[in-house]
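Take a look at the structures below.
In what follows, chain A forms one complex with chain B and a second complex with chain C.
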Partner chain A sequence: MPFDPSLAWDSLPRMLFGLANTVGITALTLVLGLAMAIPVTLARMSPRRIFRLPAAWFVMFFRGTPALILMYLVYYGLAQLPSIHDGPLWPIFANAFACAVIGLALNHASYLVEILRGGLEAVPAGLVEASAALGISPRQTYQWVRLPLAMRYALKAYQNEVIGFTKGTAVVGVITVVDLTATANEVFERTYDPVTPMLTAAVLYWCLINLMRIGFEFADRRLNRHLAAEEQRRRKPVAASLQPALARWTGLAAPNTERAL
Partner chain B sequence: MSGTAPLPAIMIAGLDKFYGGFHALKHIDLEVRRGEKIVVCGPSGSGKSTLIRCINRLEPHDSGRIVVNGIDVNDASSNIQDVRREVGMVFQSFNLFPHLTILENCMLAPRLALGMKKAEAERLAQRFLDRVHIGEQAAKFPAQLSGGQQQRVAIARALCMEPRIMLFDEPTSSLDPEMIKEVLEVMEELADDGMTMICVTHEMGFARRVASRCVFMDQGEIVEIAEAAAFFEAPRSDRLRAFLSQILH
Partner chain C sequence: MLISASEAGYFQQLARGAVITMELAVSGYILALIGGAVVGLVTLLPNRAIQAVWRVYASIVMGVPSLLVIFLFYYGGGTLLGGIIDITPFEAGLTALVVVYTVYVAELVRGAMRNVPRGQFEATAALAIRPVGAWLHVIMPQVVRLALPGLVNIWMIVLKDTALVSLAGLNDLVSHAKTAAGATKEPFIFFIAAALFFVVFSAVTLRFSARLEARFGRGLAVAKA
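Let's look at the complex of A and B:
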């Protein structure tokens, strides 16, 4: 594969500009998606059908629709509606960048609802009961016991979803937003070199994703200190029981404790 | 008995509880005096746990009355909070908050429900952890402790709210045999200090040493109530005799 380093270097400023757009779309989608997902999750888990059913439909619709189709629908589709076109929100829906964020956030939120719900439902009922029995109010129990634990349970699934949709932001190119992939595509069309811009974009995506991974690992270590402690405790006896075998293989003396038999 | 009758710690009258069509508690009457230690036993599914879970309203009852230290246990959420402040509970599965340290587990309720300052809650928590002989583990997380240690923390956590009544729902049933004793010892110390206690347990040695009265339940009914000695030596009902012969081998 012919990789052209000088083309990569020359196109780097434009690629970085595209990357900045990708990062911006990702960040806004994260925030907007979470803001939408929290109330929908609460509605989805409500004992009352008038809340639960619309929330279920929201998930069913936006999770079932490809992000690419959502882009077209939000940007080109909504513009066909006179109430949107002549309404007060038109400046938002006329803006491709804003439409990209809205479409992606709807898609992201629909996944997030199920992730949050899974986390909340995984919190053992006994812990909620113990908190109630201590005289802690239901609202405080939610805030200090259920939600913190749900966040920990959901973190890995959330990380998967966030990384998945970050790469998925490439679909915004179809509604004229110039993100990293669209920039790479422009360079390709200008130079007829398919390899160099795409590889450059891939490397930049890879850097972004791994930066995010490091952030998630940091959060995981902080939130799951209590599990790390347990892991340590569980690992120790295994290491101890391996020692005699290790000693036999290596020819070194095993600790005396195993000699009793 | 003579003299004025003080307010009972717990008064249960005509209590009924259904799960759908299943009659889980059938017309239960029970009065627990201050400082009494009641041991409840009976076969699995007899309603023992349901009964004590009704006392702090983890389960709502369907009819009858429960009065705890003069507070009616009913739908009113302020009453529920008041009752839960009077009544501490220890569960079979410990139910410590896994994301909080031992000390934080004990501090949470005083901080949230009583609005206590952090330093004060810390002192309180440390005092009760010391009392259940686990003060040196305060900075660890629950998963780092053995089952017996976790259950003692659960007792300390309940005591931090300084309840006047303690409910124990099979506190040693999920423990390895060598850890049962350390938990029972803590419970006995608590009993010696005059705590009003209702313990659902099959630890018959504990019942003999500690119980003021033993309650035998079967199929949602209280079949027999007697002082510990009579309960074990002279059971009146056939059902209790059969039960005792099964568990005392």
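Let's look at the complex of A and C:
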């Protein structure tokens, strides 16, 4: 494979700068996405149609649209509307970096709404009823019973979504934000070597994604530490007895110790 | 906003691009489905070497943006093949999507296989059902049921990822929308039109998948109530 280590080494400082931009966009999108998702989730779960329907449309539109089109729409499309172009927020919408974060955050928020809703709805009704029977106020029930449980239920889905959109930030290059992928493209255009910069960028992305995964696994262990003992007890015997049953039928066997990637 | 005659022409181009987008999404998804099912079954073999290679490979593919994989195949594909063949954007995009989503489908199939209760295997043994029949009529329907929500999810992601192939020069819906936006100075309407295409298709998918899930879950409904 025509991989050029010296070019990879020389371009590393620029690549790391691109990576820093990718991380910055990811972090800002996380915060802004969460800030958007909370009110929309509450509206989505509201018993009143007047709140529920617009929230459902929000989710349907921004979840169904590719991030690439959202980039174009926020950066080029909104500039065409007089209310934006002449409005007080124009300095924000004229900035490519801000537009990238807004576009990605809308996409992220719409996924987050469904994840939060799924987590909150998975809390057994009996627990909420029990708190009410014990005279605990609805607000406290929400804070100390529903939210902590919902966080636990939703963590895995949240992890998948965060890691998914981090990889999705690669599209911000199309509106002139110089992230890691855009840097790799720049190096390619100057050196006519496509393989080296793309593979260097791939290695850096891989490190970032796996660091995030380790962080999430740490959070998972912390939130679910009360389950650790039971998990071990449960996993071993089942996996051990599954193996021969599978193997007998097929020659296939279930690997038992492996965790999902 | 009124649509002029020249804009109507651009919308025809958009429709032609949409056909290419759908071709890419559907062929990429079907190939990834076949590849993922095969790879998922093979990597369940109790062989240490296969397990180790799979874990490394899956980690690499799942840790890298698909846009980067598309660029790698498009710009680097010619070099990697020794410069003999020129790769078209469609081929590069299709290869990249299949390579990436085969891994996701395979992981899903592996998870579904492991989640079929072991009592089902034991029951088929106890009832002396032949292996082929047990797989066709007992195990596989359950694997499909367990994997279905994930497969629908992957279809939606593949559909949206085809938009990225426009960045490798494919004349699909998105690239036509971009051309039209630049030429008419009306970016808003064309990008909204492109967005709505994807939104409508994911809404249709959700409808269809709800029916599929009801169909595959038909044995469960009674037990749950």
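Here is the rule we go by: the second predicted complex is superposed on the first by the 231 of 261 C-alpha atoms of A that agree within 3 Å, B and C clash if a C-alpha of one lies under 4 Å from a C-alpha of the other, contacts with A are read in each partner's own complex, and residues count from 1 in each chain.
The rule is simple: contacts are C-beta pairs under 8 Å (C-beta built on N, C-alpha and C of every residue); 3 or more make two chains touch, one makes a residue touch a chain.
No experiment lies behind these values; they were computed from the predicted model shown.
Colleague: Does the superposition put A:144 against chain B (first), chain C (second), both, or neither?
Modeller: first
Colleague: After lining up the shared chain so the two structures overlap, which partner does A:184 touch, if you call chain B first and chain C second: first, second, both or neither?
Modeller: So A:184 only meets chain C here.
Colleague: Touch test for A:88: chain B only (first), chain C only (second), both, or neither?
Modeller: neither
Colleague: Between chain B and chain C, whom does A:126 touch in the aligned arrangement: first, second, both, or neither?
Modeller: In the superposed model, A:126 contacts chain B only, not chain C.
Colleague: So, does A:47 touch the first partner chain B, the second partner chain C, both, or neither?
Modeller: After superposition on chain A, A:47 lies in contact with neither partner.
Colleague: Look at A:5 in the shared chain and tell me whether it touches chain B only, chain C only, both, or neither; answer first, second, both or neither.
Modeller: neither
Colleague: Please indicate which partner A:226 is in contact with in the superposed arrangement: first for chain B, second for chain C, both, or neither.
Modeller: In the superposition, A:226 contacts chain B only.
Colleague: Comparing chain B against chain C, which has contacts with more of the residues in chain A?
Modeller: C
Colleague: Which chain A residues come up in both lists, the one for chain B and the one for chain C?
Modeller: On chain A, the chain B and chain C contacts do not overlap at all.
Colleague: For the complex, which residues does chain B have touching chain A?
Modeller: Interface residues on chain B, with respect to chain A: 56, 58, 81, 84-85, 87-89, 91, 93, 95-100, 108-109, 112-113, 140-144, 154, 157-158, 161.
Colleague: Residues of chain A touching chain C in their complex?
Modeller: That would be residues 1-2, 60-61, 63-70, 72-73, 76-81, 164, 167-171, 174, 181, 184-185, 188, 194-195, 198-199, 201-202, 205-206, 209-210, 238, 241-243, 245-255, 258, 260-261 of chain A.
Colleague: Which stretch or stretches of chain C touch chain A in the complex?
Modeller: The touching residues are 41, 44-46, 51, 55, 58-60, 62-68, 71-72, 75-76, 79-80, 107, 111, 113-114, 118, 121-122, 124-125, 131, 134-135, 139, 156-157, 160-161, 163-164, 166-167, 174, 177-178, 181, 185-188, 191-192, 194-195, 198-203.
Colleague: Per the contact definition, I'd like the list of chain A residues that touch chain B in the complex.
Modeller: 124, 126-127, 129-137, 140, 144-145, 148-149, 152, 223, 225-227, 229-230, 233
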